[in-house]
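First chain written, first letter: the chains are A, B, C and D, and each begins at residue 1.
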Amino acid sequence: MIRNTFGDLFTVTTFGESHGPAMGCVVDGCPAGLPLDIEIIRRDLQRRRPGGPAATTRIEADEPEILSGVFQGKTLGTPIAILIRNTSQRSTDYDSLRDLYRPGHADWTWETKYGVRDHRGGGRSSGRETVGRVAAGAIAKVLLASSGITIRAWVAAIAGIAAPGPEDPGFDLDEAERNLLRVPHQETADRILAEIERLRASGDSAGGIVCCSTTGLPPGLGEPVFGKLDARIASAMLSLGAVKGIEFGAGFKAAESFGSEQNDRPIPGYTNPAVDLRRPRAPILPEGIPDIRYHTNNAGGVLGGISTGMPLEFRVAFKPVPSIMQQQKTTDRRGIVRKLVIRGRHDICIVPRAVPVVEAMTALVLADLLLLQRASRV
Amino acid sequence: MIRNTFGDLFTVTTFGESHGPAMGCVVDGCPAGLPLDIEIIRRDLQRRRPGGPAATTRIEADEPEILSGVFQGKTLGTPIAILIRNTSQRSTDYDSLRDLYRPGHADWTWETKYGVRDHRGGGRSSGRETVGRVAAGAIAKVLLASSGITIRAWVAAIAGIAAPGPEDPGFDLDEAERNLLRVPHQETADRILAEIERLRASGDSAGGIVCCSTTGLPPGLGEPVFGKLDARIASAMLSLGAVKGIEFGAGFKAAESFGSEQNDRPIPGYTNPAVDLRRPRAPILPEGIPDIRYHTNNAGGVLGGISTGMPLEFRVAFKPVPSIMQQQKTTDRRGIVRKLVIRGRHDICIVPRAVPVVEAMTALVLADLLLLQRASRV
Amino acid sequence: MIRNTFGDLFTVTTFGESHGPAMGCVVDGCPAGLPLDIEIIRRDLQRRRPGGPAATTRIEADEPEILSGVFQGKTLGTPIAILIRNTSQRSTDYDSLRDLYRPGHADWTWETKYGVRDHRGGGRSSGRETVGRVAAGAIAKVLLASSGITIRAWVAAIAGIAAPGPEDPGFDLDEAERNLLRVPHQETADRILAEIERLRASGDSAGGIVCCSTTGLPPGLGEPVFGKLDARIASAMLSLGAVKGIEFGAGFKAAESFGSEQNDRPIPGYTNPAVDLRRPRAPILPEGIPDIRYHTNNAGGVLGGISTGMPLEFRVAFKPVPSIMQQQKTTDRRGIVRKLVIRGRHDICIVPRAVPVVEAMTALVLADLLLLQRASRV
Amino acid sequence: MIRNTFGDLFTVTTFGESHGPAMGCVVDGCPAGLPLDIEIIRRDLQRRRPGGPAATTRIEADEPEILSGVFQGKTLGTPIAILIRNTSQRSTDYDSLRDLYRPGHADWTWETKYGVRDHRGGGRSSGRETVGRVAAGAIAKVLLASSGITIRAWVAAIAGIAAPGPEDPGFDLDEAERNLLRVPHQETADRILAEIERLRASGDSAGGIVCCSTTGLPPGLGEPVFGKLDARIASAMLSLGAVKGIEFGAGFKAAESFGSEQNDRPIPGYTNPAVDLRRPRAPILPEGIPDIRYHTNNAGGVLGGISTGMPLEFRVAFKPVPSIMQQQKTTDRRGIVRKLVIRGRHDICIVPRAVPVVEAMTALVLADLLLLQRASRV
């Protein structure tokens, strides 16, 4: 994880600049024998593609090509390289930015670090960099699915307009995939849509919150003390350019609360239907340990950095897109204060498009931990 | 960072269980020639030791011994092993917990993962595990100090009682080290003290918020795209047992905000006093890039995962200590629901003691990135 | 280095199966600002291509495409992905091998490990896998050249017919690049050529020795105790499919020798011509240490795992190509003993083509250590 | 494996200087639930201790203390730290060497790299550094033994005097543990003893060859293309200070040989006694692949970097101990050529003591690969 490789056993290396020839990834460590259809990858790339009211009008085909690692529909255990050509660059949009450092962007930090910079579309600091992550995440999802694990993310709020949460009867995860904003509640989606139109008119942009949850996640995933499940998820999410915060379960609210309220209580996990519900007693698992679940999930599915078997639940805060259409002030390469008007095709809010990216990064973390878990016992 | 090693170039491996013979760490990759006095390590270990109204009465000497890597007061470039003996265990306090899974603790997850568990004091999932981190962090701080970088953390809130922030005239960081709660405001400290006494009486516990900031942090630290500064800090903080969330700069508030409000604007960095303040123009640094700072720091000192030269600023949410003195219900190893009363010596709120731990982990991240930065250009 | 990534700071990940769509690599960690011309890569790929009497008649174009990481002729500090399409596969040559395990090949071990196998041309266990290494190594060579370091390998022997060594006046490294066998001595090349014709007639194959040496290698490279220069070179060479041994400097002869014969004696390094040769005294380097060289180089340029400033010198043993044209016996997938006749286009001796591969792997090791060395002192 | 950590899943970090307070190691990634008795560690440390005619008279107690990771006789899945105090230092023996660079030693390279150096006994470049490796290797051996894998090394030659090999009826591995030279043939041991006495009289030292072999090694271990079994073993062996070469199976002889001679032919593995020997047919393993062994083992148990199920066989060349008792010439820190007489207590030949070290490093490699292998298939 020094730079462009993520993971320990199930690893992905991504490459590509926004306006260079191509984006892509190399997945190394995917177990052999996994059925893999390129359609799976294409589908998640499509979910990430622009579309809907909040998105840019730069539309890339995002057509993946598998270069290696798959033979007769199955993974070989060798590196899986995936290539996605950039085809819709309009680099001239960025000519005027060659010598300017855009507010809220990584232009100056990047140039300070490396001495050189690809100014076209932000180069590698562009959100387009996540294409390779989504392709790799699609493979990780297949591996997880083969163990019964699924991941679902959705937009919980944009510009402070929040949708009902999973505990609310109005919450509808299917709706989140139907509307282009990925909000699990039609009425909230409509209100956000109105706000986005207002922002478009004023040349402004908005941030938002993505929530993520899992089903079927077994207990035992996570590698204390530095490779804890939550530490790895946090690292994965903060590696996304626009993310400014993350919280698990009760999150920041837990900090204002008391132990008597927060403690998740172990209770028998009634996976064995033969157990008498009136006299709760957990079935004993083959390894001699009782099958436990927890009365509440304030922990968000992780205790001591290890998954509890409850859903992994976290919320990620995205800042507003810094490329706004209003005139701004900044400083140029000669050190002179200048006025700046950004052109190009930009999202007003990238949060809907971030949903498959959050899922992909979560999948990469969980696939890695699933493989690591195989080494934890004699 | 698979398990018990943190960092890429400046690395630390920690070891030890709460009631085992010893805790410790091995720091590998500390550059040679760094003056290192064991007093520096001892001092931060003392800051982490119990003391004050919120802390446990288990008092360990926490006396460090340097086993290797230092010769005639300087680092050799070889691994620096530090040993801290456990001397004040009262393991019998935990005999009754051998077959019980404590609510809010990692007892069951640990046992599910590994099949075996050291039940005494939580074993390695104890907060005592951070002793090795603090010792290593003290060395990292010396390296950072030699580059003019300092790190300061403090308690921003406990149980929802918040101290004034750095923008408030009442904020006093020296006060944070004077009072035992590490709150940078005497009156707030008093109010929190009263709340802690109330919690003690009711057998309850509290969570809180730790803030962290830096001075002297140069721009350019951070390794995109997966080793970004904020991704590494997030990983470091979430690797602490009680942490449930982190946010940088404007954090979760940024998600409710607009680009026009959030964008940090590059302005000339007036480090060169010869520059005429009426006609702002940034001095050009030796490498041909202007010396920039930012008009605001909503980003918390990091853009595109690279430090901006502004202070790194983040907030960490700690959940309440799960070991409360009230009677609780849980499930035992045979799967039977049981009543539980926890004995032993426990903190009512570990947040004050977490301050040096947050600093230590921050120092480890920054020291590592400082060394990695040396490889970023020809 | 778990699987398909090599290096710590200057890293390469390779991908591709012999008869899949493409081969390639991703170089991550190349410092920013390095001038990089694709011609450099193309040239080393050409050196690796078949040609000459000992080589296969499968001729791939081996045309590299840079997909990322280079902008306006300079490296960006981002991952450099290089794509090389496979264009000359004749996979049907391998249809008869689908259910057979070839003697001396990795067919059965690969299938045992992964359960699946791409039988076409050996899949990823093919020598063609080295294409990505050579492309990456070409970039590493550019970085090394910018520090004055060059690497030269040559064929020292084939089928037991040995060329004169560097200490012999007949040794001519330019000759090694002129003749197609990469033997630094015309007469020896002729004798080997005759032997290869004999082997072609008898359907047999031959092994050989590649030697490698450096110029301009500074002292101080190598990361004790597990990342020693020689340990990394050994790992790099043994990661090549046909390599069965390596020795540094005096190598196996040292094991039969005495300390009084082997000890390389530090002598003044007369880099400062002002020093009086009659009263040898080493000039003192800026850091206060004398400029030393060694009277002999039995160590092969490495002491304690750290480069001495003398040339790094090692010899690598390659086994004969296992694909011979003689009828052989083997066992098939059903467990039945079978006769086997290999078709396809195969090298009689891959040792000449291994020369640029040995150079590439050496370059990757040295580039990595050069960057790591920057972190060794305060 | 950047510096002082070895391995990917089963990892060891070693620490300690020859004349510092202590040596030791931290093993991270040993699976939980492994029975571990400190006697196992003590026994291998004893095998490494001086003793016998070729060894130094510095006798350390080498008493290990387990600081963490073991509870009630079983591993916890947490880091296992082992401490071995240095007790018999006579650092004043080295006072005269403070400003001298010993021939054949790493004194100058170390000082050039790090700027500072612990001159006492070679500091960390001392052979004493292997104590931590042997302790860790003992744990790895326990893990391997639980899978039926054993490792045996022995001295094959000293000063050119070679013992009979395993194919010779006189070869006796038990004898190797009986005599203090670890030579598997009494008469050869006697001849070597005479040679060592001669060397002692003349103040000289000798090198030698260690051979290593395994029993019970399953096929499938090794992680192509950069984590191949032989690449990892080579890296492990060359990380030992005195090693100058390694060869697997036929080794350097293979380079002089032909494919028709070298190819190891797959034959039915008669592990199933029910198979009719007159009509050889391999039993089909549960995963649908035939049970194969090889007619010969020229490959030394590894094909394509993956274990074949045949014994892993390799030979390691050790150079003579550079600390000889004869007067030598060298150059001092001021750059002046000086005469040098080494005092202190030194081995005449460390090869017998290297036997448990070679075994330990082999065990560390195999334990790591055994765990990695668990991740290779769905």
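Following the convention adopted for this analysis, a residue touches a chain if its C-beta (ideal position, glycine included) is under 8 Å from a C-beta of that chain, and two chains touch if they have at least 3 such contacts.
In this text, all values refer to a predicted model and were calculated from it rather than measured experimentally.
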Reference subunit C; chain at largest CA-centroid distance: B
Would you mind telling me which chain pair, A-C or C-D, is linked by more contacting C-beta pairs? C-D
So what's the Cα centroid distance for subunit B and subunit C, whole Å? 45
Taking each chain's mean CA coordinate, subunit C and subunit D are separated, in whole Å, by 25
So what's the Cα centroid distance for subunit A and subunit C, whole Å? 40
Touching at least two other chains at once: which residues of subunit A meet that condition? 2-5, 8-9, 14, 29, 32-33, 75, 77-78, 113-115, 124, 224, 372, 376-377
Where on subunit B is subunit D touching in the complex? 2-5, 8-9, 11, 13-17, 20-24, 26, 28-29, 32-33, 65-69, 71, 74-81, 83, 113-118, 123-124
In the complex of these two chains, what residues of subunit B are touching subunit C? 8-9, 29, 31-34, 75, 77-78, 143, 146, 224, 371-372, 374-378
Touching subunit B in the complex, subunit A uses residues 1-6, 8, 14, 101, 103-106, 108-115, 124-125, 129, 157, 159-160, 199, 204-209, 219-228, 230-239, 241, 243-252, 254-268, 280-284, 287, 289-292, 298-300, 302-309, 317-324, 326, 328-337, 372-373, 376-377
